[in-house]
Amino acid sequence: MNFGYYPGCSLSGTAKEFDLSLKEVLKYLDTDLQEINDWCCCGASSAHSASHLLSVALPARNLILAKEQGMKEIVAPCAACFNRLKVAQHELKTDDHIRINTEELLDTKYSDGINVLNLISLFQQIGLEKIKSNAKVDFSKLNVACYYGCLLVRPHDILKFDDPENPTTMEEVVKATGAKPVDWNFKVECCGAAHSIAHTEIVENLSMKILDDAINYKANVIVVACPMCHSNLDMRQKNIIKHNPGRNKIPILYLSQLIGLSLGLDHKKLGLDLHFIDTAPLIASLSENEVAV
Amino acid sequence: MRIGVFICHCGENIGRTVDCPSVASACANFSGVVHAEDYKYMCSDPGQNLIKQAIKEKNLDAVVVGSCSPHMHEKTFRKACSDAGINPFLVEMANLREHCSWIHDDVPSATRKAIDLVRMLVEKVKFNEPLIPIRVPVTKRALVIGGGISGIQASLDIANAGYEVVLVEKEPSIGGHMSQLSETFPTLDCSQCILTPRMVEVYQHPRIKLVSYSEVENVEGFIGNFSVTIRKKARSVKDELCTGCGLCVQKCPIKKVALSDFDEGLATRPAMYVPFPQAVPNIPVIDRSVCTYFKTGKCQLCKKVCGREAIDFEQQDQLIKEDVGAIIVATGYKLYTIDKKPDESMIKGYGEYGYGKFKDVVDGLQFERIASASGPTSGEMLRPSDKTTPKKIVFIQCVGSRDESKGFSYCSKICCMYTAKHAMLYKHKVHDGEAYVFYMDIRAGGKNYDEFVRRAIEEDGVKYIRGRVSKIYEENGKLIVKGEDTLAGVRVEIDADMVVLATAMIAQNDSVKLAQTLSVSYDKYGFFNESHPKLKPVETSTGGIFLAGACNAPRDIPDSVSMASAAAAKALVLFGSDVLEREPVVAKVNEATCAGCFYCQKVCAYNAIEQKEIKDRQGNVIKVVAYVNSGLCQGCGTCNATCPSKSVELLGFKDDQIYAQINSFAEVF
Amino acid sequence: MKQLIDISKELFESKQVGYIIGYAEDKFKRVKPFVAYSSLDTERFVFNNNSVNNLAVYLTRLPKAKEGKIGIVAKGCDIKSIIALIQENQIKRDDVIIIGVNCNSVVNQIDEQFSKENTAIKCKYCQVRTPAHYDYLVGEIKEVELPEDKNFAIMQKLDSMSAEEKWNFWEAEFEKCVKCYACRQVCPLCYCEQCIVDKSMPRWIDSSATTKGNFAWNMIRAFHLSGRCIGCNECERACPAEIPLSLLNRKMGMVAINEFNYRHGTDINQPTLIGNYNVNDKEDFIM
Amino acid sequence: MENEKFEPKIVAFVCNWCTYTGADLAGTSRLKQQTNARLIRVPCTGRIDPVFIIKAFEKGADGVLVSGCHPNDCHYNTGNFHARRRWIFFRQLLDFVGIDSSRLYFSWVSASEGKKWVDVVDGVINSVREKGPFNGYKKLNKEIEIPVK
């Protein structure tokens, strides 16, 4: 299988382990990624608050490039990138005014037809059966809290991906690895997102509730598919515990890392050593159960 | 043809701007016109006598009256002419008042126009044919679909007026949602106490034929003459033998095998069951999907204990036919249940409220069962999960209603009232409990309604919070309700023991199918449409079919009952005469030239066009042509315009009649 | 050819058909419609670039077969008329056996040699050289050269004309009409038992061949075919006065496509354009 | 004749339930309008066949107006929807053969829109007057006239 690839800024920077683990897993699953040549910023959380046109034109440029380079489906692992690409597609399709302005700005014609996948829909495409049949590590004692955040499922009218209030697709993927997803309350609760820098206390407060609920429901690990969620839950966790003593640590993994682990791939290559919250205890508890194939 | 033209001055109304005497004298010269005169008030008795007299003296066979709008006096002049022996459809009216004198100032040009207008109708009337009103016999029997309070009321009204009624109910018992309610607003009287006598009255009424556990399968015919096929579902009990002793239900060994629909899933029932103790008819049903006999071929315990040998495992669905003259649809509503995967196109669900996931989040009807003395808790206020008394309860209004983004844009109308009632019932039973209501607006229009809500707030101390709830989740055995108080401008978090959602009233699942069976229009939500929102609120677009209750729109009990009586009255009006007289302005097919393309059938909004086989003497089909059912045809003429060969024509507005008008609109080219 | 004859023979021998409508050559080697009533008759069947007639017209003109179904040899375009007839209740799908033929374009002028120049204009836009719907399929697809669309220029010119100029154009054309109704007789979709033009009470369309009556006739003919015409252009081919009737039909066809994205005769189960409506139909011309 | 001021002849086909009643309302409200229009009442716009319009032009109409109930308000539920679909074809056909489709007017006028009716009628009369007489058919009619000696 072959997919176009839009890494976005996070995956080539702060969320390098996301990129590493995804590529490693896909290599194992015989899936090729072809990076969009000359891709640019998707606009992320800043463009749309500055200029509406810019917020559409940036992703539009990437979509046009992908089409020119002969791609039909592209993967945007970062939830924000996924969201921006989908929203841009929607606006270009439904609003002639914005489409014409965008085309003028980019000096190219836009045409619809690229299917944008997020991390979860990518694995659905590849086939959960394939993950299941290749799983080498016994995950049966692993309780996983799947955290979606906001950008993967909202706005539903545009993304048309899963139930915005009670999504379940990530759980399906997790089940394929043999782990047990927990039924918890905060899978789409706000993590504080970009307040991380300016109002850290908000993020700490919100993220704490998410961590608490996951632990409450006996999760050993929280799995995410968004670099922003990851950084808030992982990077801010130390301070959360410092400011609210008496709490346990819980490791935060990308979904691709969890799958990599279940496939028995090299931990280093999955970037499991690049987290703030140490993943070693979790890995150690798993490796006891490793089975030979 | 001998045509008479009569020009009315309408006092000064026409005469001021149109020179009536010269119009009359101009018309006297038209070919075919043998008499023309003008008069001050044609519609007055002397005026009408003038026409009658002329008809007799001059032996007229058609009349054109130049006066006001036909919408005003067409009936008057038709009647006058018909009294004098002319078929009423040989009378035409030229509109010289609304379409001429009142809208023009210049006398010469208005007079010229008046002459044109009369000429066009003189030419038309030459092609008019005598038409005889269509008389269709009326079967003086009614079918009522749905045995809730609306259907019960309509059935009783019609039966008490002396006509037979066939009442079809889908469930094993009549009673509908009202039988599930604990107490009713705004009086807090017990629902069962006021409903049960009505149900019994229906059962015992000599003129009501109750067909329960049955559904309407097919409807044919038209107003006054419907033929209805009803599917009587196999009950596995012979209703003519069963005495309703209940022994079989007691002996049924698989007790708690299925969730009770009547108790909204809060209790269980055996495979052999009566939905509730006061059921009418009190005849049990075997749920074949769970019955041991039907699954394994063994047991038959019920059969053994039945002294009347009423149990019939071999029973099949039965199709019965009923001929009726009027149909009243009273199929009611259901509550929007948000636990199931919602239909993508219509609704996006309320996953954040955890209905179906948290046992103590219930909907309005479930709460009714909890509060009901005959319910699973015998009226004790206990929450479903652990059967303890909830000390803090939260009610959320408008779940699914008035919410375009997630639910339906309409207001469910009854939730404000029943939520106030629920909160009151709760406070009356749990004196130290706290009740919160999240609302958007309080819509308590109705006699003693607002007073009732005030009572809940002021006397019973229910706390009303204006705002929406964003999320409900479970924490340490409590339901954390996160919401917003928009009046105080603060976020609210309540750790409740139980939550009641006032979910939207929606159309029954199969309402669209039934609407199509009946050829009745329905709205985008599946509610049946009334014929006119103000003036014909209980009629449908199909003659002889009327609506009652919540199948038309969300409606409470008093409204449903009044609507049911109104629908019954409409049916009784129909039964008031032996035959139904209809204007003969209907389409007619020329079978000789019809090519059978059936484009006419496609454009007919009334299903009035059927396919008719023309056979030779040996009985071989030579061709298939269109046939107009004049009982159904409403006379729009769309078929006539669509037919390429003009093989179907609308009587009264036939092609040659309109051609004559076009041909004569101007004197010269 | 052998394929076609073999299938036809088999249909007769298995008593599936009462007759088969096809093409055969006359003694002057001209290809003409031909009805085979027996297995022997089928030997005469031919199909080539001269098989230009739309034989679907005979489905409503010939009496029903005494036994068995009606077989018909049809090009992709002709099959559209057959589907249209099914859509309009004129025949039942079960009553016909369609022998579809892979078509390598047909001639424009029947008495001249087939060539790129002498190819029917309709073939230029043909999407169904291999029929989309059939019971049997015979023949092979070959590379063909597409003809020039001479009518396109005329359509464009007409569109740019003023109302009066257009009127004058059509006046000159319709003046030639002799009301022979060949256009109607040859049209597979003109199956009415009594045409509106033959109706005398009232006489909507003057039956004498005056220009006024000719205007009415040709307009109503085009209107009754709007949303229905499948563009076989037999009317124009049949017209002895050489009136460019296909322009009118083509205009109406463009309305059907542009306003409703509808093509008649492509799908048996498709709701017809006339006879149905959409609440959102365009109404910018209505005050 | 040539020098006489041109007064257009307008034929209006109107449905009984909406536009005819709307025109009645214009009358009862005494809303003045020009005298050029002649109304032909039919039950529904669905009844209006394009041959009516051709015939009206043949008979010397300089403009034709067709008017009925607004969509969804049709007394017969769907008559105007079917009519509208026919008009979409018919007016483009007229245009194509050289009968200026701006001599053919369509409007939705409800029973309560007396004022709109007056505006529509006067608007049509004025614009046809501006366009001048429709000579196409007038010329053709001469062809079949029997010369009077």
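As written, the chains take the letters A, B, C and D, and residue 1 is the first residue of each chain.
Here is the rule we use: a residue touches a chain if its C-beta (ideal position, glycine included) is under 8 Å from a C-beta of that chain, and two chains touch if they have at least 3 such contacts.
Every value quoted in this text rests on a predicted model; they were computed, and no experiment measured them.
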item	value
B-C against C-D, pair bridged by the larger set of C-beta contacts	C-D
CA centroid of subunit B to CA centroid of subunit C, Å	47
Centre distance in Å when subunit C and subunit D are each reduced to the mean of their C-alpha atoms	34
Distance from subunit D to subunit A - Cα centre to Cα centre, in angstrom	64
Centre distance in Å when subunit A and subunit B are each reduced to the mean of their C-alpha atoms	51
Shared interface positions of subunit B, touching two or more other chains	603, 642, 655, 659
For subunit D, residues contacting two or more additional chains	55, 78, 82, 86, 141
Two or more partner chains touched - positions in subunit C	196, 204, 274-276
Which chain pairs touch, all of them	A-B, B-C, B-D, C-D
Residue numbers on subunit A that touch subunit B, as the complex places them	156, 163-166, 183, 185-186, 189, 213, 216
Subunit B residues within the subunit C interface of the complex	592-599, 602-603, 624, 642, 644-647, 655-656, 659-660
Of subunit D, residues touching subunit C in the complex	50-51, 54-55, 58, 71-72, 78, 81-82, 84-101, 105-108, 120, 123, 136-137, 140-141, 143-144
Residue numbers on subunit C that touch subunit B, as the complex places them	88-90, 191-196, 199, 201-202, 204, 224, 271-272, 274-276
Residue ranges of subunit B touching subunit D (in the complex, touch as defined)	69-71, 95, 97-100, 102-106, 109-110, 112-113, 116-117, 120, 521, 541, 585, 603, 605, 634-638, 640-642, 650, 653, 655, 658-659, 661-663, 665-666, 668-669
